[in-house]
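Report on one structure; see the data block that follows.
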Amino acid sequence: MTGLALLLEQLPALQVVLPLLAAPVCVLLRRPNLVWALSCLTSLGCLGIALTLARQIYPHGVISYAMGGWAPPFGIEYRLDELSVFMLVVVSLAASLVLIGARQSIQREIPADRIHLLYAAVLLMLTGSLGIISTGDAFNLFVFLEIASLSTYALVAMGRQRRALVAAFQYLVLGTIGGTFILIGVGLLYMMTGTLNMQDMAERLPPVLHTTTALAALAFLVIGAALKLALLPLHIWLPNAYTFAPSMISALLAAISTKVAAYVLIRFVYGIYDLRWSGLNLPLNDVLALLAVAAMLFASYVAVRQQEVKRLLAWSSLAQIGYIVLGLSLATSAGLAASTLHILNHAVIKAGLFVAVAAVLFRQGGSTLQLADLAGLSRGMPWTTAAIIAGGLGLIGVPLTAGFVSKWALLQALIESGTWLYVAALLASSLLAVIYVWRIIEACTASTGDRDIQRREAPLGLQLSIWALVAMNLYLGINSSPGMRLATEASGRLLAPTAGVPL
Amino acid sequence: MLDAILGLFNYWIAIGLMMTGLYIVIAHTNLVKKIIGLNIFQTSVFILYISMGKIQGGTAPILAEGTLIYSNPLPHVLILTAIVVGVATTALGLALIVRIYEAYGSAEEDEIVNKDRRA
Amino acid sequence: MSFEPASAMLLAVLLPLAGAGLIALCHRWPNLRETVTLVTAAALFANVLTLVGPVLEGIRPDLLLIEILPGLGLRLTLEPLGMLFALVASGLWIVNSVYSIGYMRGNNEQHQTGFYVCFAIALAATQLLAMSGNLLTLLIGYEVLTFSTYPLVTHKRNAEARAGGRTYLGVLLFTSIALLLPAIVAVWYLAGTIEFRDGGVLQGMVTPATATALFALFLFGTGKAALMPFHRWLPAAMVAPTPVSALLHAVAVVKAGVFTVTKVAVYIFGLDFLSVSGAAAPMLWVAVFTLLAASLVALSRDNLKARLAYSTVSQLAYIVLGASLATSMGVAGGAFHLVAHALGKITLFFCAGAIYTAMHKTQVSELDGMGRVMPFTFGAFLVASLSIIGLPPMGGTWSKWLLMSGAADAGLTIVLAVLAISSLLNIVYLLEIPMRGFLRPPAQTGGNGGIREAPLLCVAPLCLTAAGCVVLFFYPQPVLMLLDTWRLQ
Amino acid sequence: MKLREEQTILRIVSKLLLPFILLFALYVQFHGDYGPGGGFQAGVIFATGIVLYGLVFGLEAAETALPPRWLQVLMPLGLLLYAGVGVANILLGGEYLNYNTLDAHDPVHGQHLGILLVELGVGITVAAVMVSVFYAFSDRGKD
């Protein structure tokens, strides 16, 4: 075996280890620009690894990696199937694109002696997120989830306003409750199955499925994941966290945190349990679907009424999370594929919007951006305005943007399941999206009146990041066949009657 | 009935602690108390795990002459990790409280909300 | 030129887009900018003309640009109806551009570069729409058209403009997302394809009840066709400068709406299926109602542009009516009316703009005696009015004739009566204006400064389009040939 | 502070105890692969020693003994040691954290070596984090 092939074997671990190694190096380096460069390189490295893995997994199927050489199900197994590798690409791609533009914005918003800590926290968050996706071990998943969450709390707390601290605290309390719920669920499952390996669990679960313990475990897992995901009644932490976090961190959160939580939910309800099991005597699909619909409508409605741009986008994220959950609640391959695709598309769209907002804030100063502050933006920062419009159209789901494709897929899935009420809800939510997006666009193109705001385009780095994300958005909207195919294969693997290879 | 109460006493303790912890988190406005509640809540889960690993008549899982039944060490190991996570969370939570106190002059949630509203 | 027809199609979409880019680059040099606009418009028209030959020979150029989802891509296909629309839109763009230059300079408007850029993008969208080979491409063209015309509608950027723009965008986006998109998804789900095909794709796939519902979704969903109750955007868009109104009402937007309706009726439902299943019948009455109601509203409007707007709502209903008759004669009548009304209405709006530019008058009641001051403008107005009413020797005669034959074919005598009544209403509300202009004495005394027309760049186009109305009566063959090609296929 | 100077017994006892606390921490640290113990516990015990020192002799004294600058370096260093062992395993041709590779001839020896190094990394980080948390809190409110 050559050295390179040897290294290829180790990619599932390297994926997670790379940012884990880079984080302490960041703390040691301290120099803001060096640290930023290292973070970029690391996330790009992760992206490279994820793509390499995808090239292996899509044609050949699941990769199983025995951590520390201990064979599964006894040791910790890193198990990469189509869905996980899809998510790996989403997360590392979003992280790379956002980090590339982060340098100036972070320098402007964070005191110089803390920048290296911020990047270290970002890398730890990346470690956690990638770990969650890669691991096949339920407890390991919990640990990574907490690593990601803890670094996120710290990142939110670095916001410039004092309210960032309160937002971070709120997030910490609810996030910890969510994490602990997942811990309980994992414990109960371990009680019933005697294993922590999720694949193993899935195989041992059917005989004991009818027990209260197994059902309680599912309830705990779903609620825990829903808390991290900010599914509607459990959403209160999210708007504040997104609003008061440093601008670029908001972009990262929007692109990564909730998306990973959505992955966790999918893993629980399809990887361990299976929503389609008839023995599962719970109306879980309906509950999830109703919550999703409530999120789509209510959150969009609240978004329409917001005056602060980041908060508006945060509420819009809540609505978009509704789309994702609605798709996966259908328990069909088409629905799950639509959800998966929307995870990617929404990550790209929302990250683009938040980075654009960061660019505006970079020129404007301050840490919150009222709609009224946007007046005259189309004159001073025409390119940024164009990016905001492109992202907004993506949120609405206008054709040729990524949002259209996933919405189309979701509509298809809904019609296929004959759930017409949900179709109506989806359309109603899109209409609300039109309104809130239009409020932003109208604010951007409004004339400044007497006030003469001097504005220039943001620095090149931010521009680059914005346009990379917008280009992704448009590319995914125009040439969506590959994304759709990957998402369909990912959901197909998860819903296959005999999921995965034998242990 | 009695069996359900006494035989499963470990679960009852865990549930009791869990509810106590959650109640404190929800009901108290003092941020430090919230963290304490959170800790109690987490501890209940630790107990749940550890009691799960105990096997009646089992000894510590160290190979020794004459013992055949061992308790399951795995939950302990897991919980050790979970405790570390809990400590990290607590530390971060407390650090945030200190900074919130410095910024607002208070660690009571309602006062903080009021101050933000006025600002 | 020896273009492949397929590449000429692509060029028809790309040319205006390239033009838009160039116009933006020429921001600082107004003369150069306007030259670019005119050159692009002329090039586009020439390019579209090259396609007429092949289409008349029965060729249908077809080009799959990109596949967005499996079986679902951006596809350009040119059939005779689309050819007609592309021709009308690109041809009138030239005239409209000339007029715009006169109007914008005459009124010293702001943001002129943005105006021409958006105009060019809107034209690209109409070309895409006209040549769309499936519903998705059509939807994209439709939405791009909506978004690119929004800045034009809100050109004045004041509160009033923004309120009008909000209604404009709100109605159009609401209908397209809430009704049109689900209809498209439903067709995709039911028929497995959203390609436009001869004879439709839905035959045998759906029950008559579903077809009726779908047809209603399509017709109401096409907000640009301005069927009541989704017509509010059209009067609201009157806040726009007049060249924009001309574009909205004659060239691009409303015609895109009725073209969509026609195309869906012909190539998605298929006329046979539409008449056999009875799916079109309810919509026929909606069209009839809109036709009459809008005429009545137009009667009560004193603002000239508002009156013309309601007239448009009414005239569009003719075309929808033609499609809903579900006979080839009816569709042909609708398609002919698409041309005739375009020529007539653009003239009327040009006149309204010319009156505003020269005299700053916007109300019908202020126009007494103005005909003597602006004889060319009011003469053109008279010609265009007669054409829209459908009196010989104007082009509108043919479309009324075809529509009536179509109604007779379908055995709907009552529709004949409706068309007759509507023509009477047209006479009342349209002819009032030239009557006032020519026959009444001027309101103010001492206003006899001789002839005072708007700038030449404004007047020449409107005389040209008025002449077009007459030419269309004596020489309708090109249009009829295209329609024959369509009917023979 | 006056109070601190009066606590003679406390000062002497803690001075006596301190070496043993640290020694015990090291014992727990390095005996972890045979008996109960390991990096987490050892790190905390070690930190306890420093915390006790700080409580009794004052923050300044503790910070002279173990400067915060060191902690800033020690924290990432421990993590690096941990992750580095894993990477070394990969470079030696095994899976991440497959200690068997550390000794080409005797996998069991490799296991011992591996867990020792990894736990040392954990211990260093935990101790450093604990102490810096203590520093951070007791540093507050002075200025």
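As written, the chains take the letters A, B, C and D, and residue 1 is the first residue of each chain.
Methods note: a residue touches a chain if its C-beta (ideal position, glycine included) is under 8 Å from a C-beta of that chain, and two chains touch if they have at least 3 such contacts.
Worth saying up front: this structure is predicted, and the values here are computed from it rather than measured.
Ranked by how far their CA centres sit from the centre of chain B, the chains are topped by C. Between B-D and A-B, more C-beta contact pairs join the chains of A-B.
Put simply, the C-alpha centre of chain B and that of chain D have 25 angstrom between them.
A separation of 28 Å divides the Cα centre of chain A from that of chain B.
Here the spacing of chain A and chain C, counted between their Cα centres, is 45 Å. The distance from the centre of chain B to the centre of chain C, with each centre set as the mean of the Cα atoms, comes to 69 Å.
Within chain D, contacts with two or more other chains are made by no residue at all. This structure has the following touching chain pairs: A-B, A-C, A-D, B-D. Residues 40, 126, 129, 133, 136-137, 140 of chain D are the ones that touch chain B when the two sit in their complex.
By the touch rule above, chain D contacts chain A in their complex via residues 72-73, 75-77, 79-80, 83-84, 86-87, 90, 93-100. Residues 80, 84, 91, 94-95, 98, 102 of chain B are the ones that touch chain D when the two sit in their complex.
The touching residues of chain A, when paired with chain D in their complex, are 6-7, 10, 13-14, 17, 20-21, 23-28, 65-69, 120. Chain C contributes residues 66-70, 74, 136, 139-140, 143, 147, 151, 154, 157, 162, 166, 169-170, 173-174, 177-178, 181-182, 185-186, 188-189 to its touches with chain A in the complex.
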